[in-house]
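Every chain is named by a letter (A, B, C, D, E and F) in the order it is written, and numbering of its residues begins at 1.
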Amino acid sequence: MKKIEAVVRLEKFDAVKGALEAEGFTGLTAYRVRGRGRQGGVRLQWRGVREFRVDLIPKVKMELVVDDGDVERVINIISRAAYTGEVGDGKIFVIPVEDAYRIRTGERGRDAL
Amino acid sequence: MSAGDTAWVLASAALVLLMTPGVAFFYGGMVRQKNVLSVIMQSFSSIMVVGVLWALTGYTLAFAPGNPLIGGLQWLGLRGVWFSPYAAYAPGVPQLAQMAFQAMFAVITPALIIGAFAERARFGPLLLFIALWSLLVYDPVAHWVWGYGGWLRSLGVLDFAGGIVVHMAAGTAALASALVLRPRYDFDGSVIEPENVPFVALGAALLWFGWFGFNAGSALAAGGLASLAFVNTFLAPAAAGLTWMIVTWAVRGKSSVLGTMAGLVAGLAAITPAAGYVDPMSAIAIGASAGLVTYGAALLRVRMRLDDSLDVWAIHGVGGMWGAIATGIFADVGAAGLLYGGVRQFLVQLVGVAAVGAYVFAASLALFKLMDLAMGFTVKRHEEAIGLDLSEHGETAYPEI
Amino acid sequence: MSAGDTAWVLASAALVLLMTPGVAFFYGGMVRQKNVLSVIMQSFSSIMVVGVLWALTGYTLAFAPGNPLIGGLQWLGLRGVWFSPYAAYAPGVPQLAQMAFQAMFAVITPALIIGAFAERARFGPLLLFIALWSLLVYDPVAHWVWGYGGWLRSLGVLDFAGGIVVHMAAGTAALASALVLRPRYDFDGSVIEPENVPFVALGAALLWFGWFGFNAGSALAAGGLASLAFVNTFLAPAAAGLTWMIVTWAVRGKSSVLGTMAGLVAGLAAITPAAGYVDPMSAIAIGASAGLVTYGAALLRVRMRLDDSLDVWAIHGVGGMWGAIATGIFADVGAAGLLYGGVRQFLVQLVGVAAVGAYVFAASLALFKLMDLAMGFTVKRHEEAIGLDLSEHGETAYPEI
Amino acid sequence: MSAGDTAWVLASAALVLLMTPGVAFFYGGMVRQKNVLSVIMQSFSSIMVVGVLWALTGYTLAFAPGNPLIGGLQWLGLRGVWFSPYAAYAPGVPQLAQMAFQAMFAVITPALIIGAFAERARFGPLLLFIALWSLLVYDPVAHWVWGYGGWLRSLGVLDFAGGIVVHMAAGTAALASALVLRPRYDFDGSVIEPENVPFVALGAALLWFGWFGFNAGSALAAGGLASLAFVNTFLAPAAAGLTWMIVTWAVRGKSSVLGTMAGLVAGLAAITPAAGYVDPMSAIAIGASAGLVTYGAALLRVRMRLDDSLDVWAIHGVGGMWGAIATGIFADVGAAGLLYGGVRQFLVQLVGVAAVGAYVFAASLALFKLMDLAMGFTVKRHEEAIGLDLSEHGETAYPEI
Amino acid sequence: MKKIEAVVRLEKFDAVKGALEAEGFTGLTAYRVRGRGRQGGVRLQWRGVREFRVDLIPKVKMELVVDDGDVERVINIISRAAYTGEVGDGKIFVIPVEDAYRIRTGERGRDAL
Amino acid sequence: MKKIEAVVRLEKFDAVKGALEAEGFTGLTAYRVRGRGRQGGVRLQWRGVREFRVDLIPKVKMELVVDDGDVERVINIISRAAYTGEVGDGKIFVIPVEDAYRIRTGERGRDAL
């Protein structure tokens, strides 16, 4: 099993979520984060008197634990749905998972996903 | 001149001013976080733009004696509007106070409309729209119904505090906008996630509080009539809010907080034209029936898949319209409605509703269409996606989180 | 009739209305996020339910001339309550205005109680409780103390603006509820995490603002007495807030913001019965002493492990009671308290406090017990766990986050 | 005595009280989350500390007839301040009402200053500062300008509602503090992240609403003059807000919400001294020019790298000063400004501004310096880092999240 | 060392936290997330006029880095305390951790936990 | 590649962020969490009438995915910038990452960082 961690634009989250669901990947966990990459950060106004740089910009981080065989597909789905071509589209990381457990049933491993 | 009346009208004017920030929170809490500042900014802009415009041209166009369709220009720039009362409107208060009180009505009306195209209007065109609509729609309609010599006033149309002039007009313009402007890109016939429901309750509280000035202040004197309007402004929204509470409970199994707040405001809109013409038990009846009618209108709006997602039409348009008609049914103070044999009054109310409805709808439709063609009224897709706070104002509501 | 008096009473009535949303935020900010909407909804419901009920039956039961225990029925459905003043209450204002002003008092009293069982009451039974308590407890007690012919009024009990009728009554009912209803499942004798402390401050601000109408409006005329009550409503809470600030500083090493807000409200509750009977220096003394007394009561409540976690009893019950007794000590305007030789007045105040306290406590205890047995007043364990916003209303305060 | 005037002054006093919580939210929304409670607490403390002090000593020092520099002591502890009017100030209202109205002005002035050292002041010294500054700076200055026999009043300085006494004084003290106190450790000449911009809008709304009491209430009677002041309090901030909106749009490409709110408040500060002396078209001119002047001052403040980060000096200090000078230019009601040949009035205004500015600046500078040396005015580095809510009050605004 | 990531019901978080503490596992990091599994999502009202599905529902995610030998015990504690038997009880994942570091002391590895 | 997860004090976050940037590590993702370690939790007041323990205290969690060779340097930078010597300074964990993907360009592995 692998955990796919994707950091995507806030405004793309619905599209990504929908695309995953359409392909049968319903299980996921998501939360708001603030991130910085090569992208510069946004400039906000302070009363129009002066700008201030907010160098961490809001993103959504999604986590999906999937079977090894699904990793490529999931990366594909996410990256297509999250793509705009502009700086700030985000990153996807793949992290090993040694075990999974479903609390309700006590199932373990792949069955627990 | 009476110090007591003046005290009441000034206090009322301050109360009505507070309603527009009330709208800002009532609407602002219902949009998504990325758009909350834009809604607040648009509401405050209505105060600023219409406020200045009212002093320059609006007041004279609406209230100066003129012809049946529009006021004269003698009070341009408030020339001659001063300490002495203008008896045709308010014999007990300085004309300046009557002017200020009316200014607040002119200010809130466009602010009500903005709920119809929340989360997608460009700020520049919006400002222009507010100014033009105020000039071309609000000022004439206010003259017709309230202005000395206005044709609907002469006809005998009753609109105590603006159920027709303010609420029906705003709701009708909202409907026009929803027919002309593109819906939000992510609108699926359904609705949106409210950012902050306590803000909606705060807005409702400020609206109700301010509405006592709106309705009871419209007596323009502190006496029995103001007291009656006050009582009715208390009872009708209570009844309407209860109605929504019960209906949502019956329909969905749980009473809705957002729905109850919507019901309160619907009851307020409905009692507005009637406040000084009906007795308190009629006010309860008008409130309760307005609850049912506006709930139905909100359902209909959803079924029509119109993106007037904050229900300006259903709540204010239909609520105000129903109140104006109900005034023709229940009036028993200083006028006689249908229940008291006043067939003519009832028909006159229908004429008022139809005439104002038709003019506001046609004029608003044309204005939105022309402006949208000329300059584009709505933002680009990616601007909508990142939200108006950033795309239009370069700020976010909670930069720290 | 006086336009000035009417202006002041109407403005005051609007101010008092705003206090109930003030309670909604004052309490709402102190509960956990999952329950904030339920508290807001309960407060607004008190306005709606009691508002309509007041027009139908409450006003006549409380204020119509009747026997010493309860008002007559001549004003049922507001029949005959109209533009002319009813001199026994307010010679200068339309009776409709006096009725509306009093309506706001009837509305806020049950809203104060709900803090005692926040986070665990079922919404349906709560609505029924509000209606029954208003009818069976508030209306008679208001008649005793304020009604024409009421026995405590005849006895000479002084309660300028409702320290007994509103605050002590609400706090006593809160105590009864805490004895009868189960505590929250996760209550450990300690307290809860406030969701939003700025909302608590907003609520305190709206309460203080509205309280000027509550107390100074109770003069029912705009003159020296109203001005005195106004000044006292400014000084007493200031002194009480400072007291809590200093005490929490001394006891805990840091001055508490939440404590200071609690102190402000305690000072307001305490000055309420005294506002028009004492001079400003006495108001400062009453406020400061009320700070100490209510702080002690709050400590006691924690020690008793009662789940009246928003301290309705300690703040309103004890604050209002202390204020009523203090009126019997400090009164020097239109009456003489203990300090000015008024032994009888002092004893009369004790009688008033004891009689109302006993009746409200017994009646509330019975009502809570019966309702709890008959239909269950509190939610199920898992409903409490997921929060009342979802379980009772199917909504959440901040759906987006 | 007039019930109408009394109703208006009491209502106005309540409105002005609400402004200080307005400041709490206006400022509180602009600081970081870890300091929001401290700002709220400091604002409320100003009400409590100055409120009690005003009754004890402040009112008599400012308003009792005395010498040209300071009031007498005959009204110490409000002795003799009672139901009858004091004709030199307000023939139509009980002196208690006039006293209460003025109390609110004394209360808000220190609350305005705290924005200058937000996020770094120790709470204890701050309380002491509020008390001392009120006694040593506010009371004398109020006496000079408004007190019976005050030297600037005798000279003919016009300050209708406190542009000099309240706003310029507060802004000048803010400037002094920024020169004496260390900046925040993390201040880089730039600014901070506002915690909650909707709170800023809420604060602005409460301020504007309350300001109608502030300015129109300063007529101390409900008539033409109050109506004029009311109208001007509506138009000037609208014009100033529009100015900031347009300027930020022109300069930054997007209109700033925070900037527009700042502009509104700047326009309110600027019209304060002029409200009852100028006609509405002049009010628009004063508002628009105040927008430009205060925008420039805010730019300058940033360039000077002063850590008066909520711009108390730029908005209130410069806004109030400009308004006082503009009164000397535009006055045409009950006085003649430069435009109407009133050269002397113009010069007198300059004298008033210079005298008050110099005294307030010197006294505040000395007070801050001495207090900072004696006890340390600002918190330690790590206290600033964890935030004042925890370090000074042991609480956090949103414990749950 | 392993990182145990558990997504549990909001209303069970206190119980889980308490159970872990009782068994000596004090170190943990937690935050709110929104998740979707087989569970349908909650239906919320929109003014009672229409429902809208919120398909991601609020959960708490907890992370504990523990010694390899403690993994089973921790899974046990969490799954018992978080159990209701209803859909939505949550998941537990086990992820390898290569190193740990305590900033205050500079300790590394197991000592740093 | 490794993912460095660091939990640090809220008030040290700016310093840590700045230090990382100064040494060329711009990419990072951060979010607020609440944590508990050996540190006791803060005591908050309840109206000054009674204290209540908030045993989870607010922290910032930062995540940086870096090249294997950079791990030691990053740990060093973070631990120096986040250090106060008091309980509560925080922890750093190192977790293996198997793959990385940049959505905008489609780059993979080290190139995607």
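Note that contacts are C-beta pairs under 8 Å (C-beta built on N, C-alpha and C of every residue); 3 or more make two chains touch, one makes a residue touch a chain.
Not measured: the values here are computed from a predicted model.
Between chain A and chain F, the least number of touching-chain steps is 1.
Of all chains in the assembly, those touching chain D and also chain F are A, C. For the touching copies chain B and chain C, the fraction of interface residue numbers used by both falls below half; the interface is of the different-residue type. The distance from the centre of chain E to the centre of chain F, with each centre set as the mean of the Cα atoms, comes to 18 Å.
For this pair, chain B with chain E, the centres built from the Cα atoms lie 49 Å apart. One inter-chain figure worth recording: chain B and chain D are separated by 33 Å, centre to centre, where each centre is the mean of the chain's CA atoms. Among all residues of chain C, those that touch two or more other chains are 2-5, 7-8, 11, 193, 196, 202, 252, 254-256, 258, 393-396, 399, 401. Annotation for chain A: residues 31-32, 45, 54, 84, 95-96 touch two or more other chains.
Every pair of chains that touch is listed here: A-B, A-D, A-E, A-F, B-C, B-D, B-E, C-D, C-E, C-F, D-F, E-F. Across the complex, chain C is touched by residues 2-5, 7-8, 11, 15, 32-33, 92, 193-198, 201-202, 204-205, 208-209, 212-213, 216, 221-228, 230-231, 234-235, 237-239, 241-242, 245, 252-258, 260-261, 264, 279-281, 284 of chain B.
Every residue of chain A that touches chain D in the complex is listed here, in rising order: 45-52, 54. Within the complex formed with chain F, the chain E residues making contact are 1, 3, 17, 26-31, 65, 95-104, 106, 112. Contacts from chain F toward chain D in the complex involve residues 10-12, 14, 32, 42-45, 54, 84. Within the complex formed with chain F, the chain C residues making contact are 190-191, 193, 244, 247-249, 251-252, 254-256, 258-259, 262, 295, 298-299, 302, 311.
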